[in-house]
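The following pair of complexes shares a single chain, chain A, combined with chain B in the former and chain C in the latter.
== the complex of A and B ==
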């Protein structure tokens, strides 16, 4: 009788032993976050799925796939799967050896080998499902991060703002420079404000990248204003001996914006009529 | 092929539409200086919109043209530098600090007029 058939024949026994052992095992410490009822149900589902996979010749069948999807989506720890499969392996070997009391060393090795061959593909499949899912999440997050990493916001004709948040490394600096330059050409921008309020640390490397970006912007024919320089950043920049005198710097975005307005010959006129009226009245009084 | 240099009142317009090699760049330098001398132009706009590659030698030649033209009393403005070109130049450490730049031909002419008025 093949090993598979033996396992299937002794399904009930293995099942009971497995459930018992699993409950005694570490798996229960997940019960802090997951209700016992749910654990019990998932245990049943896991062992059922294993047996369905055993009975099916092709191995990775629909049930296995469904179970994997479900357990990954629910965010069950991968330790649960590995431990569950481990317990299944030991229980299976034990059960088969108990059924064949005359087992010798060769037979024992044979059983081990065959059970491994049955259990491992299922385990590998489940773990692969996990890692694929993780890979997907990581690449999605990387994409999301990249989108957030260097946005360019056109505020007015000729003026755009690029707010930078978070640490800047070489990869990000490259992305920033590319976005900045292509954005300038696209929006026909005269003045770009780079806001570094959200950059926690400005060291020589970050300053170097910013200077390079500003120089590249100048080559295109636009001007770069560095804004959002906090006191501690001003201190570090001077202490490190970094020379930022080639392009204008301002402490806040609003001050930088005013400078940008001057550079592009623009004024903001208040539409508040009251103020004007008051001035007219004052003028009239002065005349009299 | 020589790069055409167009005269517009007091200005000269140059649009570089071929990939510059070392020789054509030197020829261009010579031609432009001669033309400035002959026409007495006070301003030059060099448009680089269709230039996709600039190596360090071409950059030096172009930078030199600016200083040379300045000596002859003509102000030079570069326009339409492509983002990729700008990035390469910065990476090569060529900052072209003395060279005025503008986004496009229109802005370039405005800038030229401003610079000439300031004198």
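== the complex of A and C ==
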């Protein structure tokens, strides 16, 4: 009888033994907040999936894949899978050796070898699926982040706003520069407002990129206004000794917008005498 | 009394973000105001970027200094890179070998209360301390 058949024949025994021995050490180390009920159910599912993979001659890639996906979605560590498979390996070897009491050293080595050959492909497949799933999530998030990266919003003729939110790294700085310059040409912008309200830290590299972008904008014949400088950012810029005097800077988008209107000889004229509309527009911008 | 808080390895560009986030959180925990938090985060950003750009690999260490009457956050940036040949030049504004602004290290010195740099061809250690205001 092949080892695989022996394993399948002793399914119930291995199953019980496995459930008893698997301690979910990795999981406990990782988080103490997972309910025991969920761990129990997932353990049952893992051992079932392993047996489906054993019983199925062609392998059970779909089931394994689904299980790996589930573990990723639960946010459990990969150690949960490796630990489960290791316990399965040792339980399998023990069970087979117990059934064959006349086992000698050669037989023992043989069992080790064959069980490894049965268990390892399942383990490798599960781990690969786990990491593929994980990679997918990471690359999707990266894409989503890129879409948010550097939007250019034409507000009216000649005036465009680029709100920046989040950390600026080298890749993003390049993207900002490209979008900025191509957008200025496309929208025939005279004044572009770069809003850094959402940038958490302005260090020399970020400042350097902003200065370069402003310089490139100037070469295209447009003007760049840096807006959304928070008080603490202003202080760190001064401490760092960064010179931003080559282009106008304003504390808020609304102030910058007023300057932009002046620069392009534009006025917002209120249609009713109270001037409420103007205030509303300014308020709306302030909220941005 | 010194107490090591944590240590962040720098290997990728995104580790810089991780390091300064950690630093900002420690600064908040130790009771620094928002302006000092920004200063500390910016200084960490500069130090971590120097590691990433010039030494590729290194680490940022955070320590809590308990002293009377104020508490200090000590940040140590350590790498095994090629070292800085002319430390006095690097500490002058406007000196840069990478085409940057050249405000990094002198800027860090101004952002923090205490600053110390040791650089040999076996690596660089920059130690900075910020004290809470009483």
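Annotations
Operating definition for what follows: the second predicted complex is superposed on the first by the 226 of 288 C-alpha atoms of A that agree within 3 Å, B and C clash if a C-alpha of one lies under 4 Å from a C-alpha of the other, contacts with A are read in each partner's own complex, and residues count from 1 in each chain.
Everything below uses one rule, namely that a residue touches a chain if its C-beta (ideal position, glycine included) is under 8 Å from a C-beta of that chain, and two chains touch if they have at least 3 such contacts.
Computed from a prediction, not measured in an experiment: that's the story for all the values here.
Superposition of the two complexes onto chain A shows chain B and chain C fitting side by side, with no clash. When the shared chain is aligned, no partner comes close enough to touch A:280: not chain B, not chain C. Applying the stated contact rule after C-alpha superposition, one finds that A:128 touches neither chain B nor chain C.
Applying the stated contact rule after C-alpha superposition, one finds that A:167 touches chain C and leaves chain B untouched. By the document's definition of touching, neither partner reaches A:262: not chain B, not chain C. Using the contact criterion defined above for the overlaid structures, shared-chain residue A:141 touches neither chain B nor chain C, since it reaches no partner. In the overlay built on the shared chain, the residue A:233 is in contact with chain C alone; chain B does not reach it.
When the two complexes are overlaid on their common chain A, residue A:221 makes contact with chain B while staying clear of chain C. Judged by the touch definition given at the top, the superposed model places A:182 against chain B, while chain C stays out of reach.
Put simply, the nearest alpha carbons of chain B and chain C end up 9 Å apart when the two models share chain A. On chain A, the patch touched by chain B and the patch touched by chain C do not overlap at any residue.
Of all the residues in chain B, the ones that touch chain A in their complex are 78-83, 85-87, 89-91, 95-97, 101-104, 107-108, 111.
Only residues 13-14, 16-17, 20, 34-35, 37-39, 41-42, 45-46, 49, 93, 100-101, 103-104, 106-107, 110-111 of chain C touch chain A when the two sit together in their complex.
Chain A meets chain C in the complex at residues 167, 169-170, 200-205, 207-208, 211, 231-233, 235-236, 239-242. By the touch criterion given at the top, residues 177-178, 181-182, 184-185, 188-190, 212, 215-222, 246 of chain A touch chain B in their complex.
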